[in-house]
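Here it is, the structure, as structure tokens.
Going in written order, the chains are labelled A, B and C, and every chain counts its residues from 1.
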Amino acid sequence: MKVDTLDTSKLDKVVSVMEGLAQRRKAQSATEGGAMYYDIVANSFRKVRDARDEGQPLVAHTIFVPTELLFAMDIVPFYLEGMCEITARVNGMEDVFSAAKSAGFATEICSAHRLVDGTVLKGWMPRPDAFVWSNLVCDLTLKTGDYLVKQYDRPGFYLDRPYRYDEDAVQYYVKELEALVSFLEEFTGRRLDWDRLKEVMEYSRQATELFREICELRKAVPSPMRNQHMIEMCLAQLLISGAPELVEFYRGIRDEVKVAVEGGVGLVPEEKYRLLTFFFYPAHIWKLLDAMQNEYGAVIVTEPHLTPWADGEIDPGRPLESLARKAFALVDTGPLQPFLDKVLREAEEYKAEGALYWAHIGCRQTCATTRIIKDALLERGIPTLVIDCDLADPTYVSGEQTKAKLEEFFELLDERK
Amino acid sequence: MNELSSLRAIREVNASFPYSDPVRAWKEEGRKVVAFQCAYMPEEVIWAAGALPMRLTGSRGEIGLEEANAYMYVNTCSFIRTSLEMVLTGQYDFLDGFVLGATCDCSRRLADLWQHFALTPFVHVLTVPRKMTEWAYELYEKEVRSLKNRLEGFLGVQITDPALWEAIDLYNRERALFRQLHELRKLDSPPITGSETLEVLNASRRMPPDQFVPLLEKLVEEASTCGRAVQGQFRILVNGSPMNNPEFLEAIEELGGLVVIDELCTGIRYWWEGVDAAPDPIQAIARRYLHNFPCPRMEPSEDRAQRALRIAEDYRVDGVVTEMVRYCVPWTMEQPLQRMAFESVGIPVLELDLEYGTAGTGPIRTRIQAFMEMLETRAVV
Amino acid sequence: MLVAGIDLGNLTTKVVVLREDEIVASAILIAAGEGEAEALRAFGEALRPGQPAMQDLECVVATGVGRKSVPFAQRQRASASCLARGIHHLYPSVRILIDVGAETCTVVKLNERGLLEDSATNERCASGTGVFLETMAKLMHMPLEEMAKRSLLAEGVAEVSNMCAIFAEQEVISHVHRDPPTPMNDIIAGIHTSMATRVGGLAKRVGIREDVALTGGVARNVGFARTLEDNLGVRLVIPDQPELVAALGAAVSAREEAAKKAAV
């Protein structure tokens, strides 16, 4: 089965939706740091849509594949999980889920990945010139790559990140990145300009510094950063790591947060509950969280799964090694203990009172750790609410049910004050 | 049809699993048992250290998983939850250690849990690369060496090169015998059924290999000479998630299928490749385990798919039964492509979603039956 | 100080009236109406002539599924925290409470001060709830009260699925029609074991710590209670009026509310 028909009108729709959102955001507040987010998304989609016409090589990649390398070679990155999910959400998820089901993908498979496979099968995404995938963050990422390479009948490169972080593993991963560079050079017919890569890595370094700064600023009481910004920061990073726009975006947020911290201004007039959250919250929950913030004063102080790069060190003079270490900062693909240590440390540093664990039914590797993390937090007086949900499928659990659970949880937290 | 008498001893070992008689005797001598969870764990190293490597599996049947569910989640595959359940309910209390290759998400989370609660005095996790490049072999070799060092520390022994080579020889002998046995399964009417072979494979990792090898020798001898000829209508390859319950294969074989080969990590991956000679035994071991018949976690997935097609050809397979444990992502995501690969060479595939330990009763049995009937219709046409 | 708690459940409405530490009135009503009307009816039942009157109540707290539809309640609270307060009032040594009601099964973890630490509810499935036992009693053609005791007399335990209420029903039917039929008491023992496995499983996910209490209407089912004790390996604390624990907890909460107001 090969994907032949390609319907770029679906991407047009995404671009126009994103442009609309960007405009609305800017109209709401011209100085808002997060306003750039939708611009970034719209631009990324535009580039992917137009790559063929503009004669640019297009490489589809899975999450956390270093886009720095792609930018350094003027390759257009097509971030599969994020872009397919957005495309499906804008154009009709039901169709996409059906396509995945007809192709033989069990419903137990994470919905985010079924959306990738389904969107491709529907021909809604452009045909990339090559694929690069890895085992970050889970077994599924790996298998999605296998499947798509076959469906699109294109050359592909699998990037293998070892399980445990040690020096041997870093060296191994550097060799993997070297092999990736050779692969990219071969299929594009271009040589990687290492000076250009140095420039790109410098942007990456600046972005990491700003990220770290933002994470530090967020420790302030009251919490200075809007819940939604962290998700936006992460998605932006997944789309354009190494691009100057990412630095600009982070700078905007940093400035906004800094002003809030210096003025002692919090997100809400009365901050009642400081919460940690685990894993990604589904897109259809974002509105609910804003409401929780405004109605209940529940602020998210940090997200241990999403902030590992705050610890990163990028040395533009050692690009591949830096990228390797950056990959090892990711907690999902490695052992639990370092992550657990991070969680407990951050619970204290951010003065968290409660935690929300988004137990995405498709994610085996995060759900399996809920009990240990929950017990460890409770020992320190921090209760955790584990919320069954589905990352992409809004019909799995209703917003009403989730809201009811959150309300009960806030009651529980009230009692402990 | 007459029985293979050599199976009797093997059945006794399985009957007393998990604390089987040979394991009990081993422990009573004051020796150690180290369990492992995955075919990418180099057994020779444990054996050379003087400990008994034992595969952590379930027994027969699906079991209640309440204790395991309390610590893992509904979307952790039931293979891992079954193993954990058995550990938490004390059935594996005799274990001294646990070694895992961090090969798939559910099993590595089991390792996290195991380490967190120190379920055994010794726990070790190996990084296992997903490729077979030069640097992958190097990394894996380092991991195997690291395992050796840690075992030396825990057991208070020196694992010498001669001890390693001796272990390699023993395991190679076992693999060669299994290969012989499987050559016999290529016959039109093999002397041994699929479910019986699974019993043998199960027993192989439930007792000291130096006691198992003589049993296997006897079995191969008997099978080669006894003139037993199992009849079956259709030659079946079974693949999918880890599977240890012979009753499942019995169900297929009662309904007219003849299971002639498997592509399971509880089957073919034990014996497919031997350890080759090399300057250094750890290097030799690492090479063999990484290069072995791959599981769907390995890249490129083409490699595994091609090997699977080749054995389907060698064993003249008429149909494939794929049993996938719910939430076994490596298999369920591989399956659409794998299925197409088999079908493109004219081999139909029966896909079964089930839980680990299933015996193949009820609706599963009905589906197997329907598959056999479909094969019949095809044969006529 | 006179306060009250009202628990509006799926099948029944419960009221508890508290004067200081003592329960002075209570009622359990099979719910016939909705919301406010139902609540008033329940209070009417509890506060008979000679009892205090509604207007003497300083504070009323509502809980349960219908808690938001009681306009005359000063506050509404989630069931979990009321269960915690209620059991802490009765038995301060309890750390885990298992509430098996008509349609839900909730496990609550509380600390030594009676504060809620964690809770879990069996959401998607009837097989750990009162409805399951009702259905089974019908299949066995006997009143629930009779079925409750008979597992204590069983010699064996019939296999009954704990995975799914529908499968369990099918299995019970086949046990009844087997030739020779499985002994009634053994089937009932199987039914209780199936439900205890389900309920026990939920409790284990929260984590068992003694003392463990069993509440809700199903707690009166002595056969089930014993089977659950076997499953968990602990003796269960069962209040005399197990259906009233949440309403009692709501009343305790009402007392706290009233005290806070008085202090101001």
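The rule we apply is simple: a contact is a pair of C-beta atoms (placed from the backbone, for glycine too) under 8 Å apart; a residue touches a chain by one contact, two chains touch by 3 or more.
These numbers were taken from a predicted model, which means no experiment stands behind them.
Trainee: Determine which two chains are connected by the greatest number of contacting C-beta pairs.
Mentor: A-B
Trainee: Using each chain's Cα centroid, which is most distant from the centroid of subunit B?
Mentor: C
Trainee: Would you kindly tell me how far, in whole Å, the mean C-alpha position of subunit C lies from that of subunit B?
Mentor: 47
Trainee: Just how far, in Å, is the C-alpha centre of subunit C from the one of subunit A?
Mentor: 43
Trainee: List the centre-to-centre spacing of subunit A and subunit B in whole Å, with centres computed as mean CA coordinates.
Mentor: Computed from C-alpha means, the inter-chain centre distance equals 37 Å.
Trainee: Scan subunit C for residues touching two or more other chains and write them down.
Mentor: 205, 207
Trainee: Out of subunit B, which residues touch more than one other chain, so two or more?
Mentor: 70
Trainee: Where in subunit A do residues touch two or more of the other chains?
Mentor: Only 371 qualify.
Trainee: Would you tell me which residues of subunit B are touching subunit C in their complex?
Mentor: So the residues of subunit B in touch with subunit C come to 64, 66-67, 69-70.
Trainee: Which stretch or stretches of subunit A touch subunit C in the complex?
Mentor: Residues of subunit A touching subunit C: 371, 374-375, 378, 383-384, 407-408, 411-412, 415-416.
Trainee: Inside the complex, what are the residues of subunit C that reach subunit B?
Mentor: 162, 197, 200-201, 204-205, 207
Trainee: Report the residues of subunit C in contact with subunit A in the complex, numbered from low to high.
Mentor: 77-78, 80-81, 115-119, 205, 207
Trainee: Which residues of subunit A touch subunit B in the complex?
Mentor: 1, 103-106, 108-109, 113, 135, 138-140, 142-144, 146-147, 150, 158, 160, 162-164, 168-169, 171-172, 175-176, 179, 335-337, 340, 359, 361-365, 367-372
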